[in-house]
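Look for subunit A in each of the two complexes below; its partner is subunit B in the first and subunit C in the second.
After this line comes the complex of A and B, so read on.
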């Protein structure tokens, strides 16, 4: 109790110094919380974009198709059967499923041509799995059996299309023969998923199938579950029932490269935190050495009166812990305020990228919001206090080991 | 007397000979005409290909590419031997750029970067050097009668020349780029004068028009043609053969990747 009192008194003895040292820690924690919040926010939004607009929670495709799916091949397609669909429907947490057919298209406006992805969608089911219709900014979804198409505002702008214009889709059928669709643009969407806005054209599945001469074949099923967290176990469960060549893939498999990238980012954040807190630790060491030098005579006297070395070290450590707690609390308060501002206003991605559409590889655009995680608050607070205590050990030992006589007459 | 007799005998023989030869010419002519009239669509295509399909050749040519008001002129030298072909560009801007075709494979060599690139996948769909000929067009095999069912649509006049108008529809199951093609073939010279290439939906994709044919080494050959991509406005590619030699001495190893570098 005595050490605690003394440590507290020492803290209040030089209020300004204590405050400045604590501020270093507070800022380190603030930076960490903000970075982490931004990361969590971007991760969540990216995952949501992928799930809501690109992959759903689960996808079922043939293994051989999945491997080359980026090439948009027309072989290894699935011929839908009731048996397969029944199996899919039995998945735990199953909510809805839809059929999609992806193919490679050259979008033509009479002057230029642009390679894009054509996506045939099952209009009745698609909205139960994907949220594309929510992001329509003009017009409506295509009608079943028509040659109506929808595309991103960004793509339309690039190709000089307006709602109501006709676009020529040029593609090769499964026999490599050219075919075209004169697609009437009936809707424009603006999703938070940039690549979808820039390079996808959606049309009714039946139209795509008949023009590609693939009968009723599809490239994959997309499935929505009731809970996002169920995706990985549900994929495993479904795979135990699916026969080769069919295979179920969770959204994490679909976004493999993004998941890997985010893991790397996470390590990066930790490294930044470590560097900042190391700098803060230098500040603590400095503070402890200063107060020890100041109190040299005092320490000598206390030792002469019978205080143990250990007890002196404790006093200093407690003092440092105090600085850590003050800094940590300030940091967390500042962080919470920062995140709150961040969350109310959001950060405009285009401001970060100087008005451009660079997204640093994240499938998101527009305004982003930070995420919260209580665990990371607790972690960073404890980490701050721990670093403070650790930094004080050596200067405290140095001071405590002084000979009392020399300490008293240390001049 | 003897000589006179011999002389009259000779003149008699000559007469017979003349009659026979005249008859035979007439006969050949008639059969030829009859045959020409009864040529099937496939035979017409084959006879055109005999003229146009080159097995071995050396040529010097020029390509005038027009794209939205911009004009580019490219000159090239090319060597061909069956399935293999080499094109070397000679205009200042592209000097040293080379294409090598071996069967179904196509490579491109850029001299500045000293880089060798195999053209595959989506790149095959691009226009070659910015022209309206795609790389895929360069690779496609020329044996059209196997890939298309040809039908004679009629005989008409095209730019003052009598022509056959034929239509080819893709044979089901064959992998070809164009679903339907319509060709106008000169009835006497068996050279294609115009060709339209259609998509399965019926949309006209490309149109090739021959502007000039020339008799080279005994065969009629198109030496100036213009290709238009009908899906894109204001683009055309004119192809002019300035010199062609059908029986050249080809340097050894000319069609190898080693020589390309």
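After this line comes the complex of A and C, so read on.
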């Protein structure tokens, strides 16, 4: 306790120096908290977009379809049965399910052609699983059995379409023959999921099935649960009931590449923190060395009084811990303020991407709000204190090992 | 009984390729309770001798026996233990910790030996500060004290753990003659009251007047050793 009190008092010797060193740590922590906050915000928003617009919480598909799903095949589709749907409905936390049929389409405006994804949706059920209808900015959803389609404003803009226009959808059927749909654009949507806005066309499931000659077949079931966190155990539970070739996949399986990318981003954030705190550690080392040089005669006296090296090192480490605690606290406070500002105003992604929808691979657009985790705050605070203490060890040892005579008569 | 015995003590400093002898065969015995001055011109080896006796430095040759134990073969940690429990130091420039109060500066020394309760510690520190005339100034920091008051705090710090020996290197060098007198009287008083052995170096004749034993050192050798009643 006495050493703690002495360490605290020593910090007041050069208040400005203590403050500047603590500020370096504070800024490192602030940068980490803001980066982490942005990452959490982007992650939550990206996952929500995937769940609400692309995958639902769970998908049930044939394993062989799932492996090739990015190629939008018409092989290995599911023929819906009551038995299969009953099994799905028994899943813990089940809320709703819908059927979707994805297929490869060439969208034609009479002049240009663009490859996009056609999505046949069960209009009665789709809104119970997905939120697409909430992002309609013009028009309405297609009618059942019609050739009406909806698409993203970005895609419409790219192809020169407006609401009410007709677009030609050119595709291969199950028999490998070409077929078309002269689709009337009855609605335009603008979701926070850029790739959906740029490359998907939605139409009634029955229309898609009849034009593709796939009878009542679908690509997959999409399922909504009451809680997002239930997805992985629910998929496991459902898989215990499903028989081959059917398999349930959680939204994380559907967003595997994004999950991997986010894990890499997390490592990057940690590396940034490590680099910044290493720089802060240089500041701590500098402070401890300066402090030791200024107090050399005192150190000599301490050694003359019989203080052991480890006790001297301990005193310096306590001081460094004090700087770490001050810097850490300041960093947390600054971080909380930064996150609060971030959360009130948000960050407009279009401002970062010069008005475009380029999102560095993240399925999101619009305004991002930061997220936060208490564990991150605790981690970064403790990490800051730890680095401060660690940085003080070697200069403290250097000071503690000074010859007592040289230290006493140091000038 | 001899508290300190020095036998053929030598100390040579190496400055590059040149060997500079500081002590050249010192033989000395100091009894418990003595009030001794080591005097001599600058560079004569006074401080080096004090450092040897104070277990701060190691000799090149010869033997040091402290309280009937040879300290020649002790490592730095063991020497620190000897200093911690047996020795008190008073420095020319006081070497007080500026961020601590007079009370805390004295308390610091007793903290290291950890054999007193908080209450006991407080009482001992206050009683000693009162004895050195600083009872009213216990809460003052060194920058709020005069040179003489600072040296009184340093004396209290040296005595608080009841050491067998107090070593003072030119304790009055930074003080005016009146304050020097007060400090020396205080040291003499403590020596009589507590029977603590004092050895101090000086080249000030006023200081020598107080000593009961005068040891003169020149060129690293004792040239005169006389006791006074």
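Convention: the second predicted complex is superposed on the first by the 410 of 411 C-alpha atoms of A that agree within 3 Å, B and C clash if a C-alpha of one lies under 4 Å from a C-alpha of the other, contacts with A are read in each partner's own complex, and residues count from 1 in each chain.
Note that a contact is a pair of C-beta atoms (placed from the backbone, for glycine too) under 8 Å apart; a residue touches a chain by one contact, two chains touch by 3 or more.
Just so you know, these numbers come straight off a predicted model, no measurement behind them.
Participant: Answer with clash or fit: subunit B and subunit C placed together on subunit A by superposition.
Facilitator: fit
Participant: With the two structures laid over each other on chain A, which partner does A:168 touch: subunit B (first), subunit C (second), both, or neither?
Facilitator: It touches subunit B, and subunit C stays clear.
Participant: Look at A:181 in the shared chain and tell me whether it touches subunit B only, subunit C only, both, or neither; answer first, second, both or neither.
Facilitator: Once the two structures are laid over each other on A, A:181 reaches subunit B alone.
Participant: Would you check which partner chain A:104 touches, where first means subunit B only, second means subunit C only, and both and neither mean what they say?
Facilitator: In the superposed model, A:104 contacts subunit B only, not subunit C.
Participant: Would you check which partner chain A:71 touches, where first means subunit B only, second means subunit C only, and both and neither mean what they say?
Facilitator: first
Participant: Is A:112 contacted by the first partner subunit B, the second partner subunit C, both or neither?
Facilitator: Only subunit B is touched by A:112; subunit C is not.
Participant: For A:9, using the defined touch cut-off, is the partner it touches subunit B, subunit C, both, or neither? Pick first, second, both or neither.
Facilitator: In the superposed model, A:9 contacts subunit C only, not subunit B.
Participant: With the two complexes overlaid on chain A, what is the closest approach of subunit B to subunit C, counting only CA atoms, in Å?
Facilitator: Across the overlay, subunit B reaches subunit C at a minimum of 72 Å between C-alpha atoms.
Participant: Could you list which residues of subunit A make contact with subunit B in one structure and with subunit C in the other?
Facilitator: none
Participant: Spell out the residues on subunit A that touch subunit B in their complex, using ranges where they run on.
Facilitator: Interface residues on subunit A, with respect to subunit B: 71, 104, 106, 108, 110-113, 115, 168, 170, 172-173, 175-182, 211, 213.
Participant: Taking the touch rule as given, give the residues of subunit C at its contact with subunit A in the complex, in rising order.
Facilitator: 47, 51, 54, 56-57, 76-77, 80-85, 87, 89, 91, 93, 95, 97-100, 104, 107-109, 111-112, 157
Participant: Would you tell me which residues of subunit A are touching subunit C in their complex?
Facilitator: 2, 5-6, 9-10, 12-13, 297-298, 300-301, 303-309, 311, 403-405, 408-409
Participant: Provide the residue numbers of subunit B that touch subunit A in the complex, in ascending order.
Facilitator: 68, 121-122, 125, 170, 173-179, 199-201, 203, 205, 231-234
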